[in-house]
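Quick notes on the structure that follows.
Per-chain residue numbering starts at 1, and chain names A, B, C, D and E are given in the order in which the chains are listed.
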Amino acid sequence: MPDQLIFGMEVFLNGLMAGVLYALVALGFVLIYKASGIFNYAQGVMALFSALTLVGIMEGQIPFAHLINAIFGTELHHFGWHVPGILAIVLTMAVMVLLAICVQKFVFRHLVGQEPIILFMATIGLAYFLEGVGDLMWGSEIKKLDVGLPQGINLAIDETTFGWFGYGFFIDNLDIVATIIAALLVAVLVIFAQYTKQGRAMRAVADDHQAALSVGVSLNFIWVMVWSVAGFVALVAGIMWGTKSGVQFSLSLIALKALPVLMLGGFTSIPGAIVGGLIIGVGEKLFEFAIGPLVGGATENWFAYVLALIFLVFRPQGLFGEKIIERV
Amino acid sequence: MLDAAANDETLLEVNNIEVIYNHVILVLKGVSLSVPKGGIVALLGGNGAGKTTTLKAVSNLLHSERGEVTKGSVHYRGDRVQDLDPAALVKRGVIQVMEGRHCFEHLTVEENLLTGAYTRTDGKAAIQRDLEMVYHYFPRIKERRKSQAGYTSGGEQQMVAMGRALMSRPETILLDEPSMGLAPQLVEQIFEIVKSVNENEGVTFLLAEQNTNVALRYAHYGYILESGRVVMDGPAAELRENPDVKEFYLGMSEEGRKSFRDVRSYRRRKRWLS
Amino acid sequence: MFYREAGDFKTSYREDNQTFPIKFDRYRYYSVMFAAFAVVPFLINDYWVNAIFLPFLIYSIAAIGLNILTGYCGQVSLGTGGFMAVGAYGCYKLMTAFPEVSILIHVILAGGVTGMVCVLFGLPSLRIKGFYLAVATLAAQFFLVWLFNRVPWFYNYSASGQINAPERTIFGIAVTGPNTQAWATYLFCLVIVTVCALVARNLTRGMQGRQWMAIRDMDIAAEIIGVNPLKAKISAFAVSGFFVGIAGALLFAVYLGAAEAGDSFGITKSFLVLFMIIIGGLGSIFGSFAGAAFLVLLPVFLKNVLVGWLGWPTDMAAHLEFIIVGALIVIFLIAEPHGLAQLWRVAKEKLRLWPFPH
Amino acid sequence: DLVFPSLSYRTGPFAAGGIPFADGYADYFTLLNERDGGIGGEMASVPECETAYNTEKGVECYEATKDSGALIYQPLSTGITYQLIPKVTADGIPLHTMGYGRTSAKNGKVFSHVFNYPVNYWDGASVGVNHFMKQAGGSLEGKKITLLHFNGAYGREPIPTLEALSAKHGFDFNAIPIDYPGQEQKSQWLQIRRERPDFILFWGWGVMNQVAVQEAANIRFPMENFMGIWWSGSENDVIPAGDGANGYKSLQFHNVGNDFPVFDDIQKYVVDAGKAAGAGDQVGTVLYNRGVYAAFLAAEAAKQAQAANGTSAIDASMMRDAMESLEITAATMEAAGLPGFGPEFKVSCENHGGDGLAAVGQWDAASQSWSLISDFEPSDGSVIGPLVDADSAAYAEENKVAMSCN
Amino acid sequence: MLDASDSYVTEDGRTIGAVVMEMKNITLRFGGVVAIKDISFDIREGEIRAIIGPNGAGKSSMLNVISGFYNPQEGQVFYKGKQRPQMRPYQVARQGIARTFQNIALFEGMTVLDNIMTGRLHHTKANIWQQAFWKGKAEAEEVANREVVEKIIDFLEIQSIRKTPVGRLPYGLKKRVELARALAAEPSILLLDEPMAGMNVEEKEDMSRFILDVNDEFGTTIALIEHDMGVVMDLSDRVVVMDYGQKIGDGTPDEVRNNQAVIDAYLGVAHD
């Protein structure tokens, strides 16, 4: 087989894996959008916040230590214990649920029935807020996150493919784990949204807040639920990305990688997030591989968006999005 | 038949409420009304009289429209309900069919109906039975059960909205302009349904309606609203005979029904407004 | 009765149509203009101009531009940063290619170029709507920044890829470059802002503005009424791009003096301008100013209070600033989803009714 | 008071790098105040202003502090540097961009108020190439060097130099850009896997660093052939990759570790006294040391200005003049408790950039520490000199600066 | 039988002209749903033409076909004797066809005045430069348009809400504003989709008066969908009846009222 083709295949596979990681973030967006028509810009920050919290809990860091020290002149830093990964994840989840409740209680409850752009704006406010709180609570230096996920080249694949092509493929173990988790998440979420009563209520809320209220759907409950689930998805994404690149501010910027995925797949489609992720992942990696060198590289940031844009011109609601109803 | 209203227990009591939108627009200026258990009460009045606002004040949907009840009280079965969540009110058995249909566009007709049963806990079988009942009442939407509600016609959506409310097995239904946009046959049919639900299931109705003619034929009691005030009320039969009501709401003058073609030659004036 | 319109009758439709139909408003407007042109220039120093007035004026133009597109025409755009970059680089290329031509012309031409680029990226808006479009405009954002980074021609092949504004003068007084006077840059921007605001106001109060708003409120109905959606949207993109480009050109040439695409015109810029119009009020020229003022002043104010007066460590102040700005955004939206402009209108409405509550 | 404003960033995407530097900068002045009673009897004050690495905030900070008698600015950002170059020149305040900023500012004839001693990016590229050359046994002929870089002005700075060097030494050179923020570098590293360069030079900052080191470890790139610029060589950048990062190299222009007397003093007078700018746990880390070094150079210039003018209350123009004649010798470093901490160098009007000496450091994952594995070695002036002249001349031309040394 | 080009005078003295618009064998499908099945009918100049039928019969869809929003799969539309090519809705509007909507489609963010002014779009010629500087045609046209609009406002008696944002208006007034917007275009054909839904008798009378006046004073041709049989029978000159997408009746109110198919499908009982 010609080299270029083999390399291309490797790039393709890695693109798939990268796509899964984007999709993990995009999933959180989809959930909230589906349940409330809110375009939750804070999803990326939620991933950051959950990862920060997870590390903080694992390391036994005292929240707001910096602030307390500054005000009271104390020298607090650590509780001096280490919490095992699983327990820390559970505790972090509890924090995310709490966050969901607060978000509902203090923000969106007061914004029922507002236009989408207003709600979007509110999530940006929320993003700022969370970012500040996260930093103040856990400090803004970079942290290493290790919950015991494997990382690095998968030797089995490397050797097998070497046997086949004389060139070992590089697949990261972490990506394999991410793929499995993402597949599970998507399956569970699809079943939830499409076939359960709460899922139906969630979609109803997205369509018409008032009408949903009028038939007795409690917006409070639905939204807390959905934000909690989105918090969970954010935590998963935070763990994956945090393991990859350490936990710090830039983690929140992965939201920008999720947006094209989201719009390609359709804002309202859970499977869309994953398919969109795969297409974007493969597309941008192959483009960078094939065309990138000709135009000077670093095309990934924009190519993902351009790719999504091209799809949208043909399908304005994204691949799997609900058709935009246009009637008079 | 009107004796169904003879049940004296008051279910819903609205006491002198005042509603302000956006902190500045005063819409209801002291509206009081009471709905007896098992009754059908009609709320009549022109455009902008405040019918919708009154219903929303009862079902607590004002909040999301930046409106608030600033004075007065709403009691349901003797409990003050005005600070409740709309959802909590549905659980207590009060459901509203909103003006302008408000279907869940992206859900199918059937999913719309099932969402109506959201608060119910009496099992799938019972819900399925009621679904059949709704389809029985509205065969037209049975045909379209699998299509997205957003693509059904105006009248079909109205049926979906009604059916959705029925699906929650309510004790009281607040109906806002049920006849709007419906073919005449269906208007009668809807009111027949209201009547039979009222009689067979004992559901209480408070309905806002422009079609005074039909409304007064089916209701037991009526209130007439004008610019945020109740200007007249009484048993439906009496209202029907009232000359003013006859002239302004039923379109009958002493000489009988006037043709709409003749309206250019005269202009009715309300006596109580001049 | 602090605020009245009673007794302020109009005898012609022309009078009724003017920008400030109420006399009281009109006087207030004149006095603000007077202060801005005749008083402020004598009072300001470098700090006030560079930290507050210039960013405020320049962002106001950008906000007006985005407000036309998003607030009036309903096309949400997250590409403002990229479009500002077009204005900046366009201005830079013009300034260096035709040094003898007046900077004012360069700035306007830069706006024109941006308008055209904006139209190009606006074309998909015919098919793509709402947040899908918002995300699609990000393609413009990232692509443009990449382009300006990638193609050395744009930065005149300088080693670093930075662009520097050379000195240019108007009536012999430097308005760009290192040797500018505070009042000169201020007045230069102020004049442009004033003209821009007037043009925007004229466009939005007439038939053009109505077409935009019709598209925004209900595009299908608008089309059936007779609005050509293509023309309406494209013109909104063009006009918006024009303003945004001017803002980008001024930001680079007058305010920063040097710029790099990724650094100065990144995605954060797009968001910043969007915040301004939402906080200020969508579909309001006044709101554009209010939003720009709010978001330029707030951080400076918070920083001065937290660090300057309370003596907090800068990092904590910065984190707290995030928290406060975030919380304020949310609080504002809850209090008045339609922005400062609406808050202002409601306040006026209340005053008008005063002392009666309703 | 002598005012040394610190335009720091303790928040935003580059906080992890900005914090230790700002701490070191502030702590050193605090030390001088606490231990010596200031500089020449004048207390040093270090008003901090948060820029978040954002150019506009940087400008605001500059404007807010410049009237307080600021003697010198160190914005720690190439972007802010470019905004400030014209402004400081007009305001007459010196700007010190140590190991970053505009490389051609080395030419003091054009950039009268900008200093970038002791090294700049072009020196870095050259020293790195020289190191690789030694590693390859004295010749790079036929070898392949890849520059993995931040896609922006900063990351592209070394390209002209590397191109010139590749022509001179006969190695293949290619550049692979990474877009901000650089969390996802799959494509870049797959490309590296395919092309198998012999050496990689790396210009990154922020999260890009960790990810690159991690990915290099993932694909098992030989770490000793992977070298970062000094901004990609702190503890932050290697710790997340764990053992995989062992052997990673980076350029340094000052020493590492806390094995210098000054750090004992900082511990004693500053940290233990509760006067540290940060938590005090960063002392001895690479970027903290860099902050200390920057402060030390500023303080030395201030001292020399005081000596030259016979007054302790110096102003910015005296400071500038002193910086232009600054001389750092082994003795000055020794006296400051920093023996052998950096190279010796001397500044002049023609040369605002020092002698361009840099050393190579290497990470040892087992002991979790950096150590220098080479001396401070000079860069290839014959290549860099002309480049500097050309670029500064272009600037002078465009901005009508009259070149002069007075 | 009348010929397409004939005109006649009604009992009350109005002149009904030749056929201006003719629908020929229109079929419209949405996926599997056939909304309109092979329907033909015409509209004469100056007449009030009603379309009635049960819910979901395809009436609104028919209006949408006329105004160019839906393109029928089969059939043609003839306007003023010429076959109309496929057109975008705004081009149709430009030919002088204005309409109102079943689900009110006002521009909620604008005031009543601005909403009505949008109707004057085709009577505005000033280009964007003139508008930007409010010079030349721009100002003069604005004032001229305003005069026309004010007349309509007076006519529809909505003076007091001129500057209210339409979002706040009650349903009935919104319908009136919609009518005003359509009238502002000074159309030759006016399509009204359930203009009287949600109104009480008094308001219906008002609305009827407006419709009659428009028809009379400006000679505007009106196509009207309405469920109130009283209104339909009283106002219209001819009525088309649709059911399940098919035409089941067409003729004068009297003819239709006594058509058994119509009674079965729609009226239920013979209407007086």
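Throughout what follows, a contact is a pair of C-beta atoms (placed from the backbone, for glycine too) under 8 Å apart; a residue touches a chain by one contact, two chains touch by 3 or more.
All values reported here derive from a predicted model rather than from experimental measurement.
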Fill in: Distance in touch steps, counted as few as possible, from chain A out to chain C
1
Worksheet item: Which chain lies the greatest distance away from chain A when centres are computed from Cα atoms alone?
Response: E
Worksheet item: Where the centre means the average of the CA atoms, what chain is farthest from chain B?
Response: D
Practice prompt. Between chain A and chain D, tell me the centre distance in angstrom, where each centre is the average of that chain's C-alpha atoms.
Written response: 35
Discussion item. Quick check: how many Å separate the C-alpha centres of chain B and chain C?
Written reply: 48
Response to the item:
Whole-Å distance, C-alpha centre of chain A to that of chain B, is 45
Practice prompt. Mark out which residues of chain A touch at least two other chains, giving numbers and ranges.
Written response: 66, 135, 140, 296, 298, 301, 327-328
Practice prompt. Could you list which residues of chain C touch at least two other chains?
Written response: 146, 149, 220-221, 224, 313, 315, 319, 322
Worksheet item: Residues of chain D that touch two or more other chains: which are they?
Response: 10-11, 15, 19, 151, 179
Worksheet entry | Pairwise chain contacts under the document criterion | A-B, A-C, A-D, A-E, B-C, B-E, C-D, C-E
Discussion item. Taking the touch rule as given, give the residues of chain C at its contact with chain B in the complex, in rising order.
Written reply: 346, 349-350, 353, 358
Worksheet entry | chain D residues within the chain C interface of the complex | 8, 10-11, 15, 19, 48-50, 52, 54-57, 59-60, 63-64, 66-67, 78-79, 82-83, 85-87, 89-90, 102-104, 151-153, 156-157, 160, 179-180, 277, 387, 391, 394-395, 398-400
Discussion item. Applying the document's contact rule, which stretches of chain C touch chain D when the two form their complex?
Written reply: 46-47, 50-51, 55, 96, 146, 149, 156, 158-162, 164, 166-167, 177-179, 255-260, 262-264, 266, 268, 299-300, 303, 307, 313-315, 317-319, 322
Fill in: chain C-touching residues of chain A, taken from the complex the two chains share
39, 66-67, 70, 106-107, 110-111, 114-118, 120-122, 124-133, 135-136, 140, 256, 259-260, 262-263, 267, 295-296, 298-299, 301-302, 305-306, 308-309, 312-313, 316-318, 324, 326-328
Worksheet item: In their shared complex, at which residues does chain C touch chain E?
Response: 12-14, 16-17, 199, 202-203, 206-208, 210-211, 213-214, 216-218, 220-229, 235, 239, 283
